[in-house]
Amino acid sequence: MTTTSSHRTDIDFDSPEHQARLAELYRDFAAAGMAPLWTAREELMPLSPRPRAVAHLWRWSELYPLAARSADLVPVGRGGERRAISLANPGLGGSPYATPTLWAAIQYLAPHENAPEHRHTQSAFRFVLEGEGVWTVVDGDPVAMRRGDLLLTPGWCFHGHHNVSDQPMAWLDGLDIPFVSQTDQGFFEFGPDELTDRSVPERSRSELLWGGPGLTPVSSTGARPSSPLMAYRWAHTDAALAAQLELEDGGYPGVVSAGHAAVRFTNPATGGDALTTMRTEMHRLRAGASSLRTRSSASSVWQVFAGAGTVTVGGADHPVGRGDVVAVPAWTELSFRAGDGLDLFSFSDAPVFEKLHLLRTEVVA
Amino acid sequence: MTTTSSHRTDIDFDSPEHQARLAELYRDFAAAGMAPLWTAREELMPLSPRPRAVAHLWRWSELYPLAARSADLVPVGRGGERRAISLANPGLGGSPYATPTLWAAIQYLAPHENAPEHRHTQSAFRFVLEGEGVWTVVDGDPVAMRRGDLLLTPGWCFHGHHNVSDQPMAWLDGLDIPFVSQTDQGFFEFGPDELTDRSVPERSRSELLWGGPGLTPVSSTGARPSSPLMAYRWAHTDAALAAQLELEDGGYPGVVSAGHAAVRFTNPATGGDALTTMRTEMHRLRAGASSLRTRSSASSVWQVFAGAGTVTVGGADHPVGRGDVVAVPAWTELSFRAGDGLDLFSFSDAPVFEKLHLLRTEVVA
Amino acid sequence: MTTTSSHRTDIDFDSPEHQARLAELYRDFAAAGMAPLWTAREELMPLSPRPRAVAHLWRWSELYPLAARSADLVPVGRGGERRAISLANPGLGGSPYATPTLWAAIQYLAPHENAPEHRHTQSAFRFVLEGEGVWTVVDGDPVAMRRGDLLLTPGWCFHGHHNVSDQPMAWLDGLDIPFVSQTDQGFFEFGPDELTDRSVPERSRSELLWGGPGLTPVSSTGARPSSPLMAYRWAHTDAALAAQLELEDGGYPGVVSAGHAAVRFTNPATGGDALTTMRTEMHRLRAGASSLRTRSSASSVWQVFAGAGTVTVGGADHPVGRGDVVAVPAWTELSFRAGDGLDLFSFSDAPVFEKLHLLRTEVVA
Amino acid sequence: MTTTSSHRTDIDFDSPEHQARLAELYRDFAAAGMAPLWTAREELMPLSPRPRAVAHLWRWSELYPLAARSADLVPVGRGGERRAISLANPGLGGSPYATPTLWAAIQYLAPHENAPEHRHTQSAFRFVLEGEGVWTVVDGDPVAMRRGDLLLTPGWCFHGHHNVSDQPMAWLDGLDIPFVSQTDQGFFEFGPDELTDRSVPERSRSELLWGGPGLTPVSSTGARPSSPLMAYRWAHTDAALAAQLELEDGGYPGVVSAGHAAVRFTNPATGGDALTTMRTEMHRLRAGASSLRTRSSASSVWQVFAGAGTVTVGGADHPVGRGDVVAVPAWTELSFRAGDGLDLFSFSDAPVFEKLHLLRTEVVA
């Protein structure tokens, strides 16, 4: 702490006597359950965010085998609830969190396993890098999970999973567990041990009702906080990204920047983010293209869905390939460069701060 | 007028002298530009809406040939702007309006004709009963028009049409012309005589950007008053209606009432109505099914898209078939009964009154 | 109509034969309940609003005596409901409306008279030019009416008035009767003949609950379409206008333009307009000051509350003084110039068009 | 962790060999930056919130003298910025936070001292228990601080304080420092060392513009995230609380529950909370009255403003008197009982969770 003051020039702040009195004051503060701001102001209120979380990269080639090994050793069942292994940011002192607000995990289900139903106030999604054969049952509605799909579990919806195939399946789980935990907003309730609906339809009922572009069932109009559509299918996402690049080819607006297409997964009943606390997006870079260098007060997690390239985060370059996961703390410079093309899934806590008018995002020159 | 009053019991209101003084007062009112409420209260403020518009049915078999005849006699061009013939409600004293707020017209374009570009604050849409070969160019974006499609022209978007085929094409135009006219909100601007883009793409650029279910281009997020999606394609609408009936077959919610599926065309950026002043919907009744008997303070216009059946409106039954158009005034009881199945397009002024907290809708027992 | 067309150059549109066929077509249109757009496009969709309503001025010196005369001849009671005499815009063909959407009337209550309770979907307010002694009872809450006060009757609230004094009282009534009537949104219900609460408190219960600046009762939080505060007292309005001019004197922002202070009456539960369909404001011009010359697609009615000056409307100057009322059609240029100072109450239909994204307002250079 | 599973019944999970393999797996997880959910699920996602923060009470009789002592030892100036001593919840492991999201501090300014200007994204307010003579200058607008007043410093507004009197002054500071810090949303900027406006007006300019109930300056309409009114004066708050009790005496609605009046400080431009991240309220209990026993997922801090009584929090009773401060963690039962009357100021993080649809509040039977 440095201070300048025109007051009390009569006091010698550096004198041993003064220091002794100050030390006594601080002891008395502590005894009274008090803490001075002036010794901690810079740490508590920095000029710009100083995240404890660090930029970090997890390799799919390391994540997947460890998840698979756990399937031999740990059952899925009541209590533990899920065979999910989270990515623990090295900067967060052992907390199992990717960033201070976001949870990212690899979840693994062996052939014919099922994960029992429960619900919680935490919002959740699954993003599928590879495989198929699992249905997640959300409030009784079975939702197929396949490569490239984003599947939602909005807060307080019952959900369980079952693998009907002879193959294991693994995917990325994203939740707001850290945010909800640190702010004490977590409620949790066990559901049935057995899944409420074991059917395996191609399309969930949510897709039947809400899957048409701009089409709202008259029986279900009105805003709802999170999306009523539980599945965003790869075929649509892929087509939307391709269309933006097609528009760019034609000289029309649509891409975020040169060679960089991106779609946001949104709630068709409001146009806002699909989940209340997390923003989910899919990005595509043409071969050789780079995204703009940006930083945001939102923290985020990125997974390479297809292709390979380089991520530049916090000033360092890292080659990335299929399945690799990158955690990006708040206010950390970020850009991607594609090799022969790069598809990236991302999620962030941006909606929280946007609603509170705290979000800052900038392109770094 | 009837009045009861405990005051001025000394006055003989029925006396000739009093009547003479009253008549003189009313003359003086008129001279001063004043009008008493008490003689007109019941008419001005009825117990429930007393529309001047009447329930009315126009036959496609009559509309279409008249529109076709006009093509031989009237060119399309600057000034008149469009070969559109509106449906004039017999109750509205010669005004060319379907209801006090809604304009419905049949527009006809001969082979290789084009309608020049203009824009106006009035919101507009086209609904296509039959045919194809016309592109409507909305703010420079060519939008194909085909059977079953709903095409938007939100307020103040430039637009023109051109028929690239060797066949004529006719469709239903819906606008808020009466509302905008009576409230003096109309602005109009001529655009180029020639269309700004004569290409004939399968999908408009608006569809490329906004046509994925729940997918928002990251470059274009943020609310906008009317839909950024200019075309709602029949294939999607049809599938959504079929899906609701499939859900009903499975015992799941989705339909409006037994055998009655319905979707609303909505703005994917907000979840609200696709247009600011008009609600647009597509309804499907199974063979033999009836819709609930309802009435709404919104007025509406309905067109049979496919199938046949009976409309019961204002207490009278009318057989209806493909292309027939029904105008339904405010607070008029309405129901439909399907023959072998019935698809209905409808539009109404409900968004205006919903935003003003005036809308009332009820199911009539 | 003028048309230019590159098509059908083979036809001689001016030939008698063609004209005969056209006349026949138009007859057939009429018989079929159809009307061509091309002959009416310019009238239906003008380049800018062409209001039928005209700018018009009513003198208080003429209004008040006529209202007083009616008290000798017409009782207040059930059926006619109110002794209100509306201002009929000369351009509106005999309709008792100030503008196509707004109703303005002078209401008069003789000593000890009362007007029975009723409610309606039409929104209403009272603005008091002079006098006191009347309480308006809104949903059972007696609200004192005094000079300078704005008193609300939001849609569907029961209300009646009673004059407890030995003096007559007259005031300005504003309603959205024309808008509601032409769009068929009117519902009306009779209440008790006698007022439900004859007490005469200084402050209404609505003021006790909602009268503190920025203070919301915890028991009543949440948005509501119209204001829960039924009275906007002159003392507050006057102070707010004076404060803006004080800020201007200090070189701080606050006024609308030089010498022109203005406050809007708003709903403390939302910050929006106090009523759903009408905007209400109070304006003050310093001695010698002029308001900017503006035009708006909203129509409005203005009453001089205090002082005198000149209104320039539609290009003509008119001296105005206390109580005089001016109707201003849409898109009509308007400005005021103060003599020794000028206080003006105004109401308009701006909220309707603002919600529909139709409102246009501009300062005319 | 307890698990039940029908799978892999062939494995003996309790065998030493299995335990060894599991231990090895967990070591490999840690090495890879991974953490299993199943061993931590209950802690991460409890059935209901398990706050680390505890209910805690600080006595004004202890807080004030310590703050005063610091004035002899610590200057106010650049770097440390403020002589504020925060209340550190004993459950939060030494963090200087009242709850996981809220900062509460006593700030002390000696006679004629001033605190230099700065701004930050953190929202702040001052609530004045006693004293006067300090002006807080918010974006250049000097705002007097007096007993009972709530003064706002919305995020990113420059602000400094100066004491123009010969007496020291202390008050309660409330900020969202913990929330902003833990989510990395903090930006901070130094302003001038000297205050930009040293005038000492009775009313701030914000009050001149926004201090009238339901009156919005026409020059400043439109929503803004936090309140444009910087001061909520005790006279208004006191009157509003008294009015609710007066309504209760008359048998009318208004109070929260029997004998319990409460007002929320709100943004007059939206009706929402005065600050984006914190809810601020004033409560009054009649002599002998109790508030309902409630719990909320929001955490809160309460300060006794006047009177004395008992707080029951987390099952324990504590006598409280003037100035005492209570921290209430999430989902902790809370009620107050008044002695001869009790006025309480409170602030909470409820707006954050309300906007995210996470807030739960219930009355405990």
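List of remarks:
Letters are used for the chains, namely A, B, C and D, taken in the order the chains are written, and counting of residues starts over at 1 for each.
Keep in mind that, in the parts below, a contact is a pair of C-beta atoms (placed from the backbone, for glycine too) under 8 Å apart; a residue touches a chain by one contact, two chains touch by 3 or more.
Note that the structure is predicted; figures quoted are calculated from it, not measured.
Path length between subunit B and subunit D in the touching-chain graph (shortest route): 2. The interface holding more C-beta pairs in contact, when B-C is weighed against C-D, is B-C. One inter-chain figure worth recording: subunit C and subunit D are separated by 43 Å, centre to centre, where each centre is the mean of the chain's CA atoms. Computed centre separation for the pair subunit B/subunit C is 28 angstrom, with centres defined by C-alpha atoms.
The multi-chain contact residues of subunit C, meaning those touching 2 or more other chains, do not exist; every residue touches at most one other chain. Under the stated contact rule, the graph of chain-to-chain touches is a ring, a single cycle where every chain has exactly two partners. Chain pairs that touch one another, listed by label: A-B, A-D, B-C, C-D.
Interface residues of subunit A facing subunit B in the complex, by the touch rule stated above, are 205, 208-221, 223, 227, 229, 232, 236-237, 239-240, 243-244, 246-247, 250, 252-256, 262-271, 274, 281, 283. The touching residues of subunit B, counted against subunit C in their complex, run 1-5, 7-8, 11, 13, 18, 21-22, 25, 28-29, 32-42, 44-51, 53, 56, 58, 62-63, 66, 69-70, 72-90, 96, 100-101, 105-106, 110, 112-113, 120-122, 155, 177, 179-189, 193, 225-226, 276-277, 297, 299, 329-331, 349, 351-353, 355-358, 360.
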